[in-house]
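The chains carry the letters A, B, C, D, E and F, assigned in the order they are written, with residues numbered from 1 in each.
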Amino acid sequence: MSKRPSGREADQMRQVTITRGYTKHAEGSVLVEFGDTKVICTASVEAGVPRFLRGSGQGWITAEYGMLPRATGERMQREASKGKQGGRTLEIQRLIGRSLRAAVDLRSIGENTIHLDCDVIQADGGTRTASITGACVALVDALRVLKKRGSIKKVPAVQMIAAVSVGIYQGEPVLDLDYLEDSAADTDLNVVMTDKGGFIEVQGTAEAAPFSADELNAMLALARQGIEQLFAMQAAALED
Amino acid sequence: MSKRPSGREADQMRQVTITRGYTKHAEGSVLVEFGDTKVICTASVEAGVPRFLRGSGQGWITAEYGMLPRATGERMQREASKGKQGGRTLEIQRLIGRSLRAAVDLRSIGENTIHLDCDVIQADGGTRTASITGACVALVDALRVLKKRGSIKKVPAVQMIAAVSVGIYQGEPVLDLDYLEDSAADTDLNVVMTDKGGFIEVQGTAEAAPFSADELNAMLALARQGIEQLFAMQAAALED
Amino acid sequence: MSKRPSGREADQMRQVTITRGYTKHAEGSVLVEFGDTKVICTASVEAGVPRFLRGSGQGWITAEYGMLPRATGERMQREASKGKQGGRTLEIQRLIGRSLRAAVDLRSIGENTIHLDCDVIQADGGTRTASITGACVALVDALRVLKKRGSIKKVPAVQMIAAVSVGIYQGEPVLDLDYLEDSAADTDLNVVMTDKGGFIEVQGTAEAAPFSADELNAMLALARQGIEQLFAMQAAALED
Amino acid sequence: MSKRPSGREADQMRQVTITRGYTKHAEGSVLVEFGDTKVICTASVEAGVPRFLRGSGQGWITAEYGMLPRATGERMQREASKGKQGGRTLEIQRLIGRSLRAAVDLRSIGENTIHLDCDVIQADGGTRTASITGACVALVDALRVLKKRGSIKKVPAVQMIAAVSVGIYQGEPVLDLDYLEDSAADTDLNVVMTDKGGFIEVQGTAEAAPFSADELNAMLALARQGIEQLFAMQAAALED
Amino acid sequence: MSKRPSGREADQMRQVTITRGYTKHAEGSVLVEFGDTKVICTASVEAGVPRFLRGSGQGWITAEYGMLPRATGERMQREASKGKQGGRTLEIQRLIGRSLRAAVDLRSIGENTIHLDCDVIQADGGTRTASITGACVALVDALRVLKKRGSIKKVPAVQMIAAVSVGIYQGEPVLDLDYLEDSAADTDLNVVMTDKGGFIEVQGTAEAAPFSADELNAMLALARQGIEQLFAMQAAALED
Amino acid sequence: MSKRPSGREADQMRQVTITRGYTKHAEGSVLVEFGDTKVICTASVEAGVPRFLRGSGQGWITAEYGMLPRATGERMQREASKGKQGGRTLEIQRLIGRSLRAAVDLRSIGENTIHLDCDVIQADGGTRTASITGACVALVDALRVLKKRGSIKKVPAVQMIAAVSVGIYQGEPVLDLDYLEDSAADTDLNVVMTDKGGFIEVQGTAEAAPFSADELNAMLALARQGIEQLFAMQAAALED
């Protein structure tokens, strides 16, 4: 019997939905939901690249992450009014950017920049992994638009990227932590993978107690299982 | 025959929808849509007031406004990463705050602060007036929560507040400008009213040509007409 | 009998003086006084325009507004030491800039930028309207200098711009609010007009009670009357 | 025959005027002019002291310095809009604050803070020394107000403070450099003294060539001579 | 035969030295060197805790990280003059803080804050892992000082923390990457462990190619081997 | 008998050491120690000059100054995390930059910028004068590297620059104040000289009591004596 507050099995993900074309202006616009966690992921194409790539013939993919002030249980101060992005925000958006740059060969998109904006409108744990999973779909849509506009000759090969969090909750490895679990977990591990089965990022943090190599492996196995389901959902969404 | 890009009549508003309970954490949470303009308005209650009101027995209502970077046709730089809110943002959030403070007697809500966050997820003109209209509904929901929690003894009397933009487009006064009209209008006028028929704010700006007193009165008449419809929609939403 | 603290009639402006050549470096430099409100308005010409206008052949006019820390009854923190301009400051300088850009056809001044700096050295209500009124005179002086320097072939046609505040004070519409009246007014309305009689900006705010269309029209009539006097003073100052 | 651009003798100061009561709100408000250099110096009294002095029974004197954007020949960017005060500004306001704290025994003013704001409205060299000279007069006025208000029992003993710049111009020591001389001087020395003849600050900078001990002494002698005149003017101004 | 630029074996660490008492003011002050990487780690004790812990009887450990501008091959802009810490800096200092908070039971240090400052004076790869390893020694020294001063009754039990980076370099897992290896590695993994053998943090990033579970396990084995050596060096240093 | 806390004679400097090649990346890297004051001074060469010198054929020398947070007895907040450099920091780095620009004819180094970074790792008074003295040695090393790289044809003539602080301590002029003396001194004077015997900067501040011309001359004599020793040490260090 599950010990999880949500009643889910240890290896059971929350309900995931991926809605394309969520807003109308962006080249790619996705609402991704992992249970009550809801993130708008847009991909915006801009001609040109940052200074360090000018003339290289290579493109760039970068990400920004934000939360609406009341996406959370307690209202948080708006980062724009504080005048800076916090360390957690910067850490997450760097993770999203690195992860998604693994999706395509940057030489295949010409000197274009793709901005991935992940804005959490409701948070219930796992916002960074939902962001990565949704942003990859938005990225594919943006590449298709680049092709349609004639900015690139063909849609480049994309290695799909998805992510999930796993953890040790009350001594047991569990998949896809929600907020209640996350706050009480002994360990929290975020895993980003490619659809070829390789790891892109593995970020594990002992919250209450150190974790062992066996626990790490058990968590990674769960993560792989969850991410496979995510790849199936991404593929289904992209076929619609 | 209408000259409006949208084909609307001069005195015809866009389709307006007001969805309560849009996100789950905030005391009040509304998605307001004026056509393709979509704004999430949340009302968050916080015990305590700013320093200048401490001990006064009086509450406070304040507003913040933001746009997702790709709410617009061209991606705008995220204000949190720029490190400051622009003049337009500050101007709009000051307008929203002033307007909504007219909704209730601040002495009736005790020493509580209500934060109204208006975040535009898709912009097509009229985001400030949609924000005011939606935030008033979120405010009422928050007041009801304050009552349920026992923070106040009864839901105070609320003077409903709604707002619309009007303008002179190709020489003709028109109601509820969308983005295409707004960019080409000779004059743009934002009007905020109470459900008793009084004006709270009237902000008119000549964009291309000065406007006359007659044109101003014609625009105000249109605005009143549109705002009456908005009051009906607010009331209907609050009855659900 | 007047109810005004200053003893003025409802339609009586404070004493207004416009002193040209107030400081020596700027192309235009005006001290404008509306009673005890004193503002130094300088117009500085700079070759070149902001990026979005480069190569357009068109010039630009922009404004900044500030107050000395002790221009007011209580010392305010210096914005330079706070590290940012407040929302009120940004709102006012955006208003001044928009208003003065209506004064000339920007194509007539070549790719030059004219910076209008309005610095309040003593505040007693109406600083933004005094700023607009004084800045227009400084702008004309700067255009004359541009002509003298040969940067432009002729002084372009200028549509003079002036502004005044009106309000409802103790139930009665009054012209040109001073600080005491402004703090206690029911409604405060700032009006910017051209010397052809058109409105450039109309910004009315209900402070204590909503205002009616009739009150709005009464205030606009008073404003027009006051602004006509301001045009006469601007003309007189420019003839000296 | 003088080599100075202004035609002044080597030991001749510019015309200095000190106008008290220049603006109406501040406890002390002085316009000080050293030739074409014009600075508004206000002294504002605030009850309370910074945290490090609370409970000490001692007061505090602090200074801020600013320039209107077009106080100078070329318009400078407004520090409030840049979002920070430059190094030169901070250096000058630290100098003014240190200098004026030598004027009174801080224990004699109770736990009050006196803010000295020195705002340059027109610059022609020597703005920091004019600021110190004018701020000392404003300070005395503020102390008299403190006494009148009953915040202190008697006006404390004040050691008057004045300052002047001297330099080596075309090989010759000269008194009270104006902008033309300052830009071309080999050495620039700012001297702050008390009316008892002691030095408070001596800040000499070799601009084009190192200076010798003899040159330093010659400059100091000139400075003392100029500062004595300033003490006389301060005294005269305070008697009016 | 080794493929490493440094000629080291795959499982060979650089020379590590830990120098206690490196500077004189801090309660703990350590120079830690991993080959050419040199970091000054100080532990500073401050009475009191952040607001969220006040009255809890519990202490706090927090970390900050910086690099001298020319710690690196190319000079980097000083973060203090840029006006903000970059994302990489914030990410690293959050990692150091989280890691070291695992070293002691925060309830055992009373309401004191220990600031761990890790300042890189020369960088050659692995600065974050060297920082963690050195900061733990500085922390122990600071705890001993707290005991000596009588702020705590006994030095609390410390779980030593050390960290090392491992990676896949030219297809082979290697221990303790230097800068040359780090820049060319396929994968980079930072591992933080306790002296009981548990993991505190595992942060792996695919730089050029995704990594497999087998590669991850091989890297973790190397890391454990290196970290055991680090625990021995920490112990030796603490015995001196 | 000396009254100095350190037991030094009035004209006795602390032990000074100058260590070249202290870190490996910078073109010049010096650890300078004045007793317990320890500063790392690096000189970094960068091709190109600031905008105001482009095309002039002339180079630029600029300085930045910082302190590690626990270089001092009490930990100071890190300026990078505060988001700005304090007034003291800016004042000192402007002094260092001005002083070192006197060392060489800027036309002799081509359009290169030399950044002098002075980072205090341990503070015990006199950090700014130690910084200047050490930075001059680092500058010479950097010029030699420029020559080796072929960026300049020959190492330009360098006028060596050194600096020391002097003061009035318990009524007596003393050389090279340490922190204990500095905090209790009546007057503090920083003197920067060239090896030809000229003054570059003389900055004297009365801390507790005004100083007389005689005291100033006594301090200058002591300073000259100390600086001569510093020139000898710089020369010895540069010969190694």
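Just so we're on the same page, contacts are C-beta pairs under 8 Å (C-beta built on N, C-alpha and C of every residue); 3 or more make two chains touch, one makes a residue touch a chain.
Bear in mind that the values here come from a model prediction, so they are computed numbers and not experimental data.
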Intersection of the contact lists for chain C and chain E: none
Greatest separation from chain E - chain, by CA centre: C
Candidate from E-F, C-D or A-E with the same interface as B-C, over half of contact pairs in common: A-E
Copies chain F and chain E - interface residue numbers shared by over half, same or different: same
Distance between chain centroids, defined by C-alpha means - chain A, chain C (Å): 50
Distance between the centres, which are taken as Cα means, of chain F and chain D, whole angstrom: 28
For chain E, residues that touch 2 or more chains besides their own: 83-84
Ring of chains, enumerated from chain A in the sense that reaches chain E first: A, E, F, D, C, B
Partner chain D, residues of chain C touching it in the complex: 23-26, 29, 36, 38, 40, 42, 44, 46, 64, 66, 68-73, 75, 78-85, 89, 115, 117, 119, 121-123
Residues on chain D engaged by chain F in the complex (per definition of touch): 84, 86-88, 90-91, 93-94, 98, 102, 189, 193-194, 196-206, 209-213, 216-217, 220
